[in-house]
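Here it is, the structure in full.
Here the chain labels run A, B, C, D, E, F, G, H, I, J, K and L in written order, and each chain numbers its own residues starting at 1.
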């Protein structure tokens, strides 16, 4: 990969799945960060309402190249 | 969140996905526990039969308010 | 489960989801290993391209019976 | 300590400190559990409102003797 | 394994070995819980008296099916 | 919680307690970050001088909403 | 120890104890691997039947010299 | 910090708080160890009596310079 | 438990079992340390010779009161 | 150390060693961050090409004072 | 990276440094494994003789593509 | 290895590398401890001055035989 990278931690949320929460987080982050290269799943949690899963929450560590 | 909460650990299973196993566990638990507020994914495992995934198993820690 | 088992570590990849990456890894492994019985998710990562998730990567530990 | 013990996980909250959150959790639990013998701190978190700590949250594992 | 399971944490004690402490904990738990299916060793500790091991203590996580 | 969040890691210090170090870190961070929502205690350390605790140091992970 | 070693992961089972499960795993592995030098206990679990421990399961990492 | 340091593990206890247990441990250790420089909190536990916290126990790793 | 305690780490070995290795370590340590109160199992490993377990090795953390 | 610190995570790479990867990461980070005070090694990985180590990669957590 | 990968665990040794132990392990493994792509450092240990480091030992997890 | 061993934790420092910090720690420890047999790397940190690594710090657990 060569060069120096920075890693940040973001949390995505979705009413439907962890996969959607992951995509939402990456797409939101792409608005301010260029050159994102990989992510690592750090934590998976969620909210419950009226006895059902109401929200999936995924914490990601995202790596991107410093220019 | 204020007040005192209890956390229990449950395992959900599904032939199709971890997401379904998560929903199944929360819905079964909601039959006997009221006021569930959040869950944390603790472990993801599964069974294999004839060289294919036959079951997704997810262990959750679930928090609910003590009344 | 009785008997002696071996565990190996494999990494599956998929452009669509961790579930697909899991299935791909198990099916590839089934070509050379018989009697696979269970798997454990060890790590979930992924690649990012042009600000979007381009690949889901899942590391599994797979247990199978030694004959 | 002899005998068999059970451990449960509870979360206490307090606006002032982790120590108060710990005491609140133990005292609430003592309403329904007798013979509590020890606790272990598992996690310390909190809520923030208007740039200040608004709540301290402590997760405890509590051991008590089965009769 | 199909269905939904609950996991509880218990601590067994024995003056002779971790194996005996494990059996004691499972047998005590079987008095109030039906359908226990598996256990995981979480922690092994013990007490010392007059320079000798006086008690073996084992913490187990036990899974059983919810009916 | 809905939306996308970022988590940063900060270290607060105080001559009197971990609670004060926590408050100091959150209040300093609030000068440049809006919408902080929660914190997690990651590490507790301290300095010793002349055989006494001279400083409490607490590392926090702080979550806030991306706008 | 000099030279290069490989580590594999195996699971032994026994109806009587973790010690027996450990010995069973090592002896089975010795049929196909020469020069095993050490093992590390990674996990201890077991099965329960009719309220009693029916099987002890131990996961070992085993190191052996590559020739 | 330059030079070589040793780290030891001590446990402090207090009826009032973890902060007091920390101070008690450091001050007791200072009777036999000179040049203590820092501590790390390793574990926080406590005893319960009659449904109330009766003792706070904190395990510290303490670093000091070897002369 | 009140007072201040120190914890040290010792490794016991035995040709027959982890239980024997545990007892051997505690009894050896009791020659130079008084007031040992408890131990925690930190690691279980062993040596293999000619395809059989030749030595069980157990690492313990032992707590004792400082006088 | 007094005051409030922030920690960021960076990844350095080098074809020759982890030490060089560490230095490269710190020097690159120093272009945009002043007052860096310490680093912690979080992860060590690398790339392999044609059966040889082609790149050393080190992930560091770096602490610096907030002004 | 697309496709399915396997990860194995190897231990390299060297009298001079962890870097040399890493290179030795990868080069030995390359004799029997093709398409190695990356490694992760899992553990760093060593042997001591006559009060000096006599051997550096590094445990690596190595990933390679299944064909 | 037979017999009973003790493990202590030491921290070595060096301006040039982790390898030098490791050697410095072992050589300093050898002045007061005989029969050191092995070490394990527990933590790698360092100090930064003027945007450059000024000190490498390595924490080791060292095992030696009790006589």
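Everything that follows uses one rule, which is that a residue touches a chain if its C-beta (ideal position, glycine included) is under 8 Å from a C-beta of that chain, and two chains touch if they have at least 3 such contacts.
Source: prediction; values computed, not measured.
Student: What are the mutual neighbours of subunit F and subunit K in this structure?
Tutor: Both-contact set = J.
Student: By label order, what chains touch subunit B and subunit C together?
Tutor: Looking at subunit C and subunit B together, the chains touching each of them are A.
Student: Report, in whole Å, the distance between the mean C-alpha point of subunit D and the mean C-alpha point of subunit F.
Tutor: 21
Student: Compute the distance, rounded to whole Å, between the mean C-alpha positions of subunit C and subunit F.
Tutor: Comparing mean C-alpha positions, subunit F is 38 Å from subunit C.
Student: If a residue has to touch 2 or more other chains to count, which residues of subunit D qualify?
Tutor: Expected reply: 8, 18-19, 29, 47.
Student: If two chains touch, include that pair; go through all of them.
Tutor: Those chain pairs which touch are A-B, A-C, A-F, A-J, B-C, B-D, B-E, C-G, C-K, D-E, D-F, D-H, E-G, E-I, F-H, F-J, G-I, G-K, H-I, H-L, I-L, J-K, J-L, K-L.
Student: Can you tell me which positions in subunit C touch subunit A when the two form their complex?
Tutor: Subunit C residues touching subunit A: 17-19, 43-48, 51-53, 56.
Student: Which part of subunit A faces subunit C closely enough to touch in the complex?
Tutor: Going through subunit A, the ones touching subunit C are 18-19, 22-23, 26-27, 29-30, 36-41, 62.
Student: For a test of understanding, state which residues of subunit J touch subunit F in their complex under the given definition.
Tutor: 1-8, 61, 63, 66
Student: For the complex, which residues does subunit B have touching subunit E?
Tutor: Interface residues on the subunit B side: 8-13, 24-25, 28-29, 47, 55, 57, 59.
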